[in-house]
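Look at the two complexes coming up: chain A is in both, with chain B in one and chain C in the other.
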Partner chain A sequence: MADLSVDRLTISHRGETLVREVTLRIGAGETVALVGESGSGKSLTARAAAGLLPDGLTARGSVVFDGRQLIGRPERELRTLRGRRIGLLLQDPFTMLNPMLTAGTHIAETLPRALGRAARRAEVTRRLAEVGITDPSVADRYPFQLSGGMCQRVAMAAALAGDPDLLIADEPTTALDTTVQREVLDLLTRLRESRGMGLLLITHDLRVAFDTCDRVLVMYAGSILEEAPAARLAERAGHPYTAGLLTAMPSVRHRRATLTGIPGRVPRAAEVAGRCVFTSRCGHADDRCGASAPEPRPVGAGHLVACHRQAEIAGLLSRPSPPAEKAPATAASGPRPAVARVSGLRKEYRVRRSAPPVVALGGISLTIGDGESVGLVGESGSGKSTLSRCLLGLTRPTAGTIAVDGVAQCVFQDPYTSLNPAHTVGFALREALGRRPADGEVPPSEADLLDLVGLPAEYGRRRPVALSGGERQRVAIARALAVRPRLLICDEPVAALDVSVQAQVLELLRRVNRELGTSLLFITHDLAVVRQVTDRLVVLYHGEIVEEGPTESVLDRPGHAYTRRLLASAPQETAV
Partner chain B sequence: MNVRRPGPVLLACLAALALVLVAAVLGERIAPYDPLLQDPARGAVGPGGLHWLGTDDLGRDIFSRLIAGAWTAIAGPLLVAIGTTLIGTALGLVAAYRGRTLDALIMRSVDLMYALPAMLVLIVVVGVLGGGYYAAVLMLILLVVPTDIRLVRSAALTQRELPYMESARVLGLSGSRIVLVHLLPNVLPTVVTNFLLDFVTALVGLSSLSFLGMGVPVGTPDWGLMLAENRSILDLNPWSVIAPALLITVTATAATMLADAGYDRISSAGARRG
Partner chain C sequence: MSALAFTLRRLGAMVLLLLVLSFLCFALLGLSPGSPEQLLLGTRPATPELLATLRAENHLDEPFLMRYWYWIEGVLHLDLGKSVQTQQNVLDMIVERLPITATLALYSTLIALVVAIPAGLISGSRRSGGTDRAVTFAALVSISAPPFALGLLLLYGFAVLLGWFPVYGAGETFIEMVYHLTLPSLTLAAGSAAVIVRQLRATVIDVIGKDFMTFARARGLSPIRIQVVYLLRNSSLPMLTMSGLLLSGSLAGAVVVEQAFGLAGVGNLLVKAVGQLDIPVVQALALLTGAAVILINLLVDLAYLAIDPRLRHPRSAT
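Take a look at the complex of A and B:
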């Protein structure tokens, strides 16, 4: 069995450093998670470890696998290593597989060549069974005929077909539904144990890392800030950044009194050379932090922290806020007038004229009270987005009635396409303000709106391209609030955001709900997020409402089998 | 985002187009000779001190005729480009935004137009029925516009489903405002590129017609026509043919290169991520 040892790996592009002096070691059969937000350099590090750096990027330092130096090794030799010794699993199951090849061909490609046709066929079937696909006919199907979870399993079987000693998995479950994510992670853990294979898991989700790995490394702006056994990191994070990430995470078990995001944004690795990379966003920084980059120092068994002030601030680090008091005041105040009433809503799609219609919503009824915050959870294809589109008037329902009192507005998932790239933030806000119904009050100014969502007034002159994902999402919220909606429909508004930014947006939405009295319909797949922001929860499954009730009681005592499965699948925030 | 400085190739293209434009506007006023002045005694002489590019068989100065010919080389194609861009963009946007019946109506008509062999129709209408240069311009608009409609429509369709378009609809903005203020700026790269490429198509198309003896009347200083008229003196003064051919090629190439660079620039100037 082989181990991977990365020593002072530095990756740069035309002189700009992207990853700085990363050191990590994965022993045979060990599982290590590399956790970081977008732009932290975690994927690049993983690619360098597999000898797969994109063209134009150069790596310095050393990557030794099984006693062989990978850096500077010619592609021809690396190729024999990949697949046979190092397997690679990537995020998007659909683009990872070649659409022109069947599932079986993908797996057979990496198998030892010496097999005859029948033997190869049998081996492919065996490999598919190993990843939980017992139907051998899957081997003859093309990726587009398979679901996301199936594709990811096929990709996993293909990655494992060469019996690698180390599997590098880059966000393997991010694109999947919660329940499928759980299945894939469990499968990954099981296979790893039965094969004694090492695993390097790249993820943005600390919960997934805690769930799956022995050791966790936290990466930020191209540098590793902390390394610790998973259980220890969850309890005693030693770096202000890790502590910040933990306080920014909502919990599926209880509503936190407050979620605290980390202010500011992730700098580029090149901007923060020669100092602690977290200085600009750290509440504990002093002169030393800006003067030199701290070396990782051991603070416990297998626990390394790269922080100048680690010893001084160990007791001061923020910890996740305790569970909030029982049900907040607004939720308890009896029946309220409805802002939206949906009854018998049915939506069918016709894919082809001859084919029977697909039922997206099977006649559902739902009422959203004034000032209420309602969560809507369900997996992809459950009809949750169809419901929101019907409420917004973007789709015409097949049957049923929808009555919305006042204006409904929306915030969408992808912050990068939610704003028109051709116009400034101010233009978007002024345009929305122009649609504000006259109510005798002085309408807010553009600056008021920006202030409401915590952005400086000068952002009005910027175009979306100059904004980060979290900032764009705030602008989208400000634009929605400009018309003074009675109901704000949020369709996965934080799914594309990093944890530290997600917390800020969630807090903002909660404030909008509490202070402005705007009703929320919050669509998400993340139960922890739902617990944090909503009073009432509606569970949608195959176009039907299967469970409905106060968020706390549904999550504490789920009634329907699907809700229970969903809860069991949610990654836990503490290590197991 | 920093604005890239145009490279030497792009600068050369801009300079070439600017020169042609100046020649088109000033025309005879900057030409050393009257482009129509005949001097049979000095017919078909090669380049020299008096006539930089020599003369044709009637003794007319090639260089002056090239300058004067810039007008028909620019004006017609420009009209075609303006016409097709306006009509094509409007119909393409409407087809993409409204969808359904209107889309079907517009796009089936486009399919029908596509089925026509453009050059053949042009030759029949202009050559056989007569009508001259401006009839050719009108026909070219009709024949080129389907391409524009298709390109603008497909560019608009990719934008139509994006959340920012839906946000605009949820805000309750009027259809015309959504199309003009939200959709149009995001298909602008396609529109600008279409404009320049239509110009090239029309330039080559009109020159071809002139070469075939249709379009402009005989004797008009026109690059395509010069190409045809001077073929007989190719051995006496090769420049009388090479020069107009070169000008057509250079102008068309420069506009194409500009279209290519223009697309990259406009689409990266804040419109898209990265």
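Take a look at the complex of A and C:
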């Protein structure tokens, strides 16, 4: 058994610092989570710990594994450590495996010693069984013939085939469905325990970190801001950033009266040298914070906080807002006219002429009332995206009717690809305003729209590339609102966003629903998110509606077995 | 769709393409300037008897489609007609010259691949490094160098100054032929190698950033395995297409090189036949080249199947 200690690790690219003086230690068999939003440098830190930095990036400082310095060690020697001593698991199960090789080959090629044909086959079967794949024929399948969860299990078996002492897992469940996520996390925990292996888990999700790990480190703009045992961090975060993250986290158990994000955006590590990296977004910053970078100081057993004002502000840090007392005002007012009425909607896809059609939607009926906010949850393949495409008229249903009163608009998941990079924000908004149906009222200006989504008017002159993910999503919402839709369909609108930004966009959507009276159809796999925004919840499973009702009662007293499984899969919230 | 069905479909398409091609080749005769009789006469004196024989032999009094039918029937029985210039059997003329051109095409493609694969892999994996710059520059030079000039340069350097290779001719036995054809093949390979290097380099740059490459390294796989099974295999499809195109191109493109090295190959024959309006020879050569291109494409498609399992096992519906 061996331990990893990273000391003052600095990673830079052509002189620009990306990660600054990161120090962390993982004892033999210990589980540590490195939590951070995108751009925090958590993945680079993990790559450096495995000696696998991308070309052109240089690491300084020290990474010692089992008494051996890894930085500056020749590739030839690093290779003997990789796989056998340190394993690495990546995020996307579909791109991690070589599409040209079978699942079994991936495992067999990583086995530490050469075996005969039959023995190798038996070993591969045993390794597959270890990750919960009991069907040995999976060994002969190719990655593109397996589901995401299966691919991630195969990758795990391959990563563990060399029996490493430490596994570094970089967002291993982010790309998976909620229920599969739970299974893979449980499997990871079980394997770790049975092997006595150390685990460094890289994640953006504090809930996953609390759930899986003994110790949690919080990283931001290339620096570590806080480190504490998981339970302690959940109870009393010492750094304003951690507190902000916890506040922004939506809860599956109750609807919060207000959702508070962290204002501003994540700076580049190089921009914030020589000061506290969180200063620009911190509500408690003073002169000291801008003048020097704080050193991590112990504030309790195993609890380190890098904040100049830690002692003064300990009692002032933001806490999650209390649960909303009652069901939101919009939900209560009884029957109302429908904005969209779907009945007996059926959609089949034919993959091949000879094969039977695949049923994406098996005849569902659904009504969305005026000003109502309806959540649609289900995992990939449940048909939720097909439903939204049918509502938008992007695909023709096989059977059934759809009646939409007025205009329906959509906000898509990925704000990076849903805006045309060649056009300014203002151009996109003006273009949308041009398609606004005439209704005798004075149409809003471009600045009004930007103001509506909480962006300054000067953003009209910017192009999408100059905007952060959250800002782009606000622009996408503004563009959708420009044509005054009666119904706004949001397809996973916050899934690609960081937690601190997610809260702001969710709050914006709540306001749109409450103040403009726009109906929402909110499609997501995240139960905590859906609880914050919707009045009514529809659970879709294999193209059928299996449960439907007021959001609270469905989530508090789930009736269908699938809904219960979804709820059990959501990460635990020790924080609340 | 299984691999067998795929192959059968491609074979069917190939037959259809060949038919279209043969029709176009046959139409050459009708489209050429001058009457068919004049073209078929060649250098012989136009006596009424000879004209009558030519009309009868070539079914010139029948409608166009019937003439095509007689011609294609002959082609299927390996009867490609006679050269109007030499009265030699066209098939014999081609069989005599084909080995040189075929060897030249295969040999040059082989050289191109042997040079281009390692160069492309290294160049793409060490992007912007010294080796990459050298390779990219060399490729640029090879692409820009006209084959006749490069051929003369090689001849002067290796055959005249150093005396390592013969200046002229194609040799008799296979060994001799390889020896004689080395310089011409190098000349032909230079351009192909450059194209393949650039293609491979671009694909490698794309593939090398993929997660499965990182994951392979993270598992401590040997560099050889990563280079071949991970990098090369995933980068090989565009390169394969390109090599197929270049191989078919070098069959027709051997013209210049055969001239420069004084080789009596198919290219050489083509130049002569076109110059002398020897339509039966041109028809046969056009058909042959077209058939070779179609056949090479089929082989490339089959190689795709062998290399990429995604084509053998299309994603199942569920």
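FYI, the second predicted complex is superposed on the first by the 573 of 576 C-alpha atoms of A that agree within 3 Å, B and C clash if a C-alpha of one lies under 4 Å from a C-alpha of the other, contacts with A are read in each partner's own complex, and residues count from 1 in each chain.
We take it that a contact is a pair of C-beta atoms (placed from the backbone, for glycine too) under 8 Å apart; a residue touches a chain by one contact, two chains touch by 3 or more.
Keep in mind that what you see is a predicted model, and the values were worked out from it rather than measured.
Look at chain A after the overlay: chain B and chain C fit there side by side.
In the superposed model, A:Ala496 lies in contact with neither chain B nor chain C.
Once the two complexes are overlaid on the shared chain, A:Leu176 sits clear of chain B and of chain C alike.
Judged by the touch definition given at the top, the superposed model places A:Arg463 against chain B, while chain C stays out of reach. For chain A, the partner that touches more of its residues is C, with chain B and chain C as the two candidates. Here the apex is the CA centre of chain A, and the angle it makes with the centres of chain B and chain C after alignment on chain A is 30°, in steps of 10. By the touch criterion stated above, A:Arg435 is placed in contact with chain B alone, chain C being left untouched.
After overlaying the two complexes on the shared chain, residue contacts for A:Asp414 are found with chain B alone; chain C is out of touch.
When both complexes are overlaid on chain A, the residue A:Asp92 reaches chain C alone and has no touch with chain B.
When the shared chain is aligned, chain B comes close enough to touch A:Gly393, but chain C does not. Of all Cα pairs linking chain B with chain C in the superposition, the shortest spans 6 Å.
Here chain C touches chain A in the complex through residues 127, 209-212, 214-223, 225, 229-230, 233-234, 307-310, 313, 315-318, going by the rule given at the top. Note for the complex: chain A touches chain B at residues 392-394, 408-410, 412-414, 416-423, 431-432, 435, 463, 465, 476, 479-480, 483.
Note for the complex: chain B touches chain A at residues 1, 162-164, 166-173, 181-182, 185-186, 188, 270-273. For chain A in complex with chain C, the touching residues are 47, 50, 52, 54-55, 79-84, 87-88, 90-92, 95-102, 109-110, 142, 144-145, 155, 158-159, 161-162, 351-352, 355, 358.
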